[in-house]
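One chain, subunit A, appears in both complexes that follow, with subunit B as partner in the first and subunit C in the second.
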Partner chain A sequence: MPEGKFCNKKPVDTAEGITQLLSDTSGNTYYKEMKELTVDSDLLWKTIQNTCKSRIRTWLEICAHCGMCAESCFLYQVNGRDPKQVPAYKIQSTLGKIIQKKGKVDNAFMRHAMEVAWSQCTCCNRCGMYCPHGIDTGIMFGYLRGLLYQQGFVPWELKIGAGMHRVYNAQMDVTDADFVDTFEWMVEEYEEDYPGLTVPVDKEGADIMYTVNAREVKHYPEDLAEAAVLFHMAGENWTVPSKGWEETSLAMFAGDWAACKIQVESVYAAMERLKPKRMIGTECGHAHRATVIEGPYWAGRKDGLPPVESIHYVEWLAEALNTGKLKIDPSKRIKELVTLQDSCNYIRNQGLKQATRDIMKHIVEPGYFVEMSPNKEHNYCCGGGGGFNGIGLYRKQRNIALIKKRDQILATGAKLVLAPCHNCWDAIRDLEEEYDIGIRWSFLKPVIIKMLDIPDHLKPEE
Partner chain B sequence: MHDLLTGVFFWIALGVCLIGMLARFIMYFRGLSWQLDRVAYTSHPAAGVKGAVRSIYKWLIPFGTYGWRTQPFIAVAFFGFHIGAVLLPFFLLGHTLFLKEKLGISFISLNATVADGLAWAAVISAFFLVLRRLVLPEVRIMTTLQDYFILLISIAPFATGLLARYEIGNYSFWLNMHIFCGELLLIAIPFTKLSHVFLFFASRAQLGMDFGIKRGGMKGTKMAW
Partner chain C sequence: MFKKILFATSATAASDHAARVAFNIARSYQSALNIFHVLGVPSRGYSQVVVDVKTKERVDVDEDYLAWVNEDIKTYYAKYLDERLHYTIDVAVGLPAREILRQAKKLTPDLIVIGGSTGDEDETVYKKSSAGTTLQKVAKASHCPVLVVNRPAASFWGGLSNIVFGTDFSKTSEKAFDFAMKVAKALDCEMHVFHALDISPLHGGRMLSQDEIEQQIREATRKIRALYGARLKELSHYSMDVWEGIPYVEIVKYARDKHADLLIMAHHSRKLPSQDIRMGGNVEQVIVRAGCPVISINK
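Moving on to the complex of A and B:
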């Protein structure tokens, strides 16, 4: 049985297809079928010839096998320094082998490559900073994921996730109507405390177009209201698009490049339709990477930039606090040891380290902010990045991966962790659940709302 | 024999090395793709060049990067080997005379004591680089026969050069061996992992452009290599 009913080379692009795939609990049948899936070696080799150009080929060729990347990888560190976890080994023994064999690899090899690509690398790109030759293994793993996806060797949840983007232009089954309704409903809920609070939908020419993570709509709708409150308090002229509101891309984690393009183009279409001055995305790392950093390339934009200037939520917050658009009541600042999680996707991958530190200066009483070590672009992945958090098959490996962040947090002595990234937030929640170290964790929005110095005209009437 | 090695063989080795390097260098940059690599190389040349230059020079400075600082042992062995490997071929007194005669280019010559020091440092460092491969599990797992072969042909010119230098045994035999090993090395450069002698700059420049253009450089953030 080469192509399974659930596990096959065809992307899911209908709502029925998604429902059917979801009905296979934990992907049990899916993974059984995967053992029978044939490898289309001709397609694999043809794809490599068309897409694997000098950068990756040179990386694979000049790798000196020096092992300097080993210690840079948190997964190597937390897995007993197993030499099989050395980044260079991981990529040479998977992508390197596939190329060496000109695509003639078997089913067992592909399943092994899948395990390495999704459970032994979170595409955090830290190793790239420690290689004398500038070899970025994380980028190569992203590429390998694309090859594996094309052949149907992709974790069940990510096949579903990529399918969601194809069907709903969102990472989960949240429709455009769900999004607008939920946002409006949440704003109504908060309106009493914040008179005049609204959510302007599809307003043309606004200063800010705000995009979100579909999880907020489905699981944390208060986050939407909090965003509205902060824009309202800052006096911003903002809007949300009724279509093209989803900033995330599980398709990127899955290696489904066609779906990545579909997804990001839905956001760019909203930008072109509403012509905002700027786009601001929510407190999510991979969403920013997908829509702002990598997205322009999927959409074929030669200058590598989105249609309008697009910034991360932390950049807007830092700006609003620095310029006094948002004012903090100094008596309400955080007065306990607090640490900050640097998200790989916008700190290492877009250098936004200063923005979050500016924010900390405003919201933490001097002397209470403790940096993790290492930090900024040298920080370690939360342990759940690159889709790792969401893959049931690799839950055990993911839980081991959390150890690095757990130990980093413990070393700060802080009991409060600010994590302006959905993936990091989830990973830190899970590490508390798993290892019970007695910490609390939060996005920035709820923390800042509690300490705002609200101007009189925006206060509710007594 | 000596005439052959310093004559036609020298020209062949030099020609293969230079033409090979040039061809591969051109092929590398021609093979870069803004869309597949997801780096807008040509749209932001200034940011790209800035990133590329930083990415290269930081790594050329001993202990100039986090990578070198966190792993001092390999950093010392690495620079111990490479400083000699880069300087001696051009600036050793015997070499400068030879290059002047052959190519008409005159380089300044290294003081003999310094040159001896560099050569010994290279040999000793190479020994430790081999030792690392044998002892450290994270290096051993990836090490192939080719890696040892590369180390062997890289160290052979130093070893034979030192044997000739101290006239251990037959001087002219070791001198000829030294020239032969050097030429072998030149020929191997474009076709083996030794291509890193020039592709290092290409690869570092590429990642530097990536950081300079896409990953923070245009936001005004300097990558802390």
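Moving on to the complex of A and C:
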């Protein structure tokens, strides 16, 4: 069985393994080795029999091939309406075929399935809303990714990402000590401007336990300080766990089911240890989906819920603004056309559209907020979701995928895009780099901090 | 004095003036010099690809690439590097200001040397999403003095002998004065304490009469004497002056008049200026215009 040095069926679960894999620039050898990788058909079929439950089997069975899903898929739209980009075709010709053939598929087929699973579907779940039967191709692609991962057919960056979660309980090589140290450093830097600012670590029984994205710790630590500032200004009793602080899950994008469980259990352990009233994650879409929506099932929680009530950052922000915990200085509201990117993972898939609209009402001068078309649960994926942004092998396809969002933004006439999701933020940044349409983009935190009406007792001494 | 210096560089022509000064100080005062380069900004996704600020190419940052960039910097500064200079080279990936501060946190240098702003780098998509320049952010948060060289004319350096200290009588200015005294004593420099009286109608809201101007000059001179007079006596050569005008212009003129080879000022703007006002404060204006290196002190 030709298992490669880099490309094989074994997950990476040591720091050395990750370093070694990273040393294979762009995964060049990895993808070369993939061409020789044998498909373990017996294992594949056994796995399908054990894990492919009635929902997916029924969906594959009842699909009437009506084509209603075609127009709903932004990738179909931007790729010249190629019939091969119709969601029903995409899943039937991959997962459907594997099941039909009882796992007896070859290497070339698996590599093709990998390409479809990671470059022709971002798991945005929009097609599921338009199918008369409610068939959700995105969910099925998530499942297919799991099968492909097990057989070693997974994009190089995602094998690394899933490995990071196994080794560090984080999507990057950020240790628990790095996290606490960086958070304290940032708070110290901002303390001059916000007297009394602290980061309470491992405080038991706090009202809020805050979790983040390891990227913030590694490269964008201002995000941490900004979160601290807003909790401080709102007078919240909050804490961060010194362990179990990472909310994201590249393991979910990779289809590494075991790592998904390991990761989410690290966060749940923190919840159980610190017993906060609520958990709030950063402005990230997939992180919320992984930890709050899907995570409970990975962890085998019977009630389908995390150990404590868990809400998205925009829900907290809307609540803080609506209740007056955070006050906006009306003279500092946004007074230029501004649009909002609805993240698939918590708008379409969890229905938080009202929260973000509430926030807009507080921070944008009436008349300046322009909705994209379509919007809310009907909005299109940013173009880089589901892991697409990070995969070098499919960069070209990803750049084409950005066209839909580019055109939606251009149609609003806005030069400022608010994107409360790391993935969306990144895709929008990349589309500016690629297509140069002259826009700016931002998370909510930095925008809101600039327009806060700060109570006198929290102001720095002049 | 200046035992450890962190020289943050783009390793391009934009940092050449700063490089000359950084290497000069390091050589003159036997400092350990850390040459630090941030090669590009990573995405918020998990792509391994970074756009190299120097080559403008998309690259995979791995050990080999970092080693190559390290070697490239060595070649770029080859004429300065010899056995007598204690130097190290580090290369990082990230947002430049943040990584410079991170490196400063790790190394705890006595001085950060940083080049002036460059035109073309500001046009990358990364810059558009963050307000303020690298220089402003580093100057605001740094725990040690930050030395900036913006113009080629500011980079001549034959050791330190003549310091101009610009004061606005603020709390931070006191700290800047302490530092200026320390440098002047350690390196046996002359020191010229200077205050510029802002008489622009934009600032005061009206035109001042000449009597008022002269009255205010007398008051400021008294203030300088009261605040700094006693301690200045510890130096063999010093002077104190107050001129009126647009502050940053007067400071630059005064420094030229005194043949200053170093300008020291406090940097105490609380907030970063917004994106549109690129170089907002007085210190920034001095940095852009000065004919000698400028050290800004924040903490």
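In the analysis below, the second predicted complex is superposed on the first by the 461 of 462 C-alpha atoms of A that agree within 3 Å, B and C clash if a C-alpha of one lies under 4 Å from a C-alpha of the other, contacts with A are read in each partner's own complex, and residues count from 1 in each chain.
The criterion applied here is as follows: contacts are C-beta pairs under 8 Å (C-beta built on N, C-alpha and C of every residue); 3 or more make two chains touch, one makes a residue touch a chain.
Here the structure is a predicted model, which means the values were calculated and not measured.
Once both complexes are superposed on subunit A, the partners subunit B and subunit C fit side by side without clashing. Applying the stated contact rule after C-alpha superposition, one finds that A:E71 touches subunit B and leaves subunit C untouched.
Looking at the shared chain after the overlay, A:W59 reaches subunit B, while subunit C stays out of its contact range.
When the two structures are aligned on the shared chain, A:E226 is found in touch with neither subunit B nor subunit C.
Of the two partner chains, neither subunit B nor subunit C is touched by A:E236. Applying the stated contact rule after C-alpha superposition, one finds that A:Y89 touches subunit B and leaves subunit C untouched. In the superposed model, A:E283 lies in contact with neither subunit B nor subunit C. Looking at the shared chain after the overlay, A:L250 reaches subunit C, while subunit B stays out of its contact range. In the overlay built on the shared chain, the residue A:Y297 is in contact with subunit B alone; subunit C does not reach it.
Rounded to the nearest 10, the superposed model shows the Cα centres of subunit B and subunit C diverging by 160 degrees about the centre of subunit A. After superposition on the shared chain, subunit A has more residues touched by B, the comparison being subunit B against subunit C.
Minimum Cα-Cα distance between subunit B and subunit C in the superposed model: 24 Å. Residues of subunit A that touch subunit B in their complex: 51, 53-55, 57-59, 61-62, 64-68, 70-72, 76, 81, 83-84, 86, 88-89, 92, 128-136, 293-294, 296-297, 300, 302-305, 348-354, 376-378. Across the complex, subunit C is touched by residues 22-23, 25-26, 157, 160-161, 171-172, 185, 189, 192-193, 213, 215, 218-222, 250, 384, 389-392, 395, 422-423, 425-427, 429-430, 432-433, 440-442, 460 of subunit A.
Residues of subunit B touching subunit A in their complex: 27-40, 43-44, 55, 59, 66-67, 70-71, 74, 78, 132-133, 136-144, 147, 193, 195-196, 199-200, 202-204, 206-208, 210-211, 213-217, 219-225. Those residues of subunit C whose C-beta lies close enough to touch subunit A in the complex are 41-49, 51, 60, 62-65, 93-95, 98, 101, 105, 125-126, 128-129, 141, 270-271.
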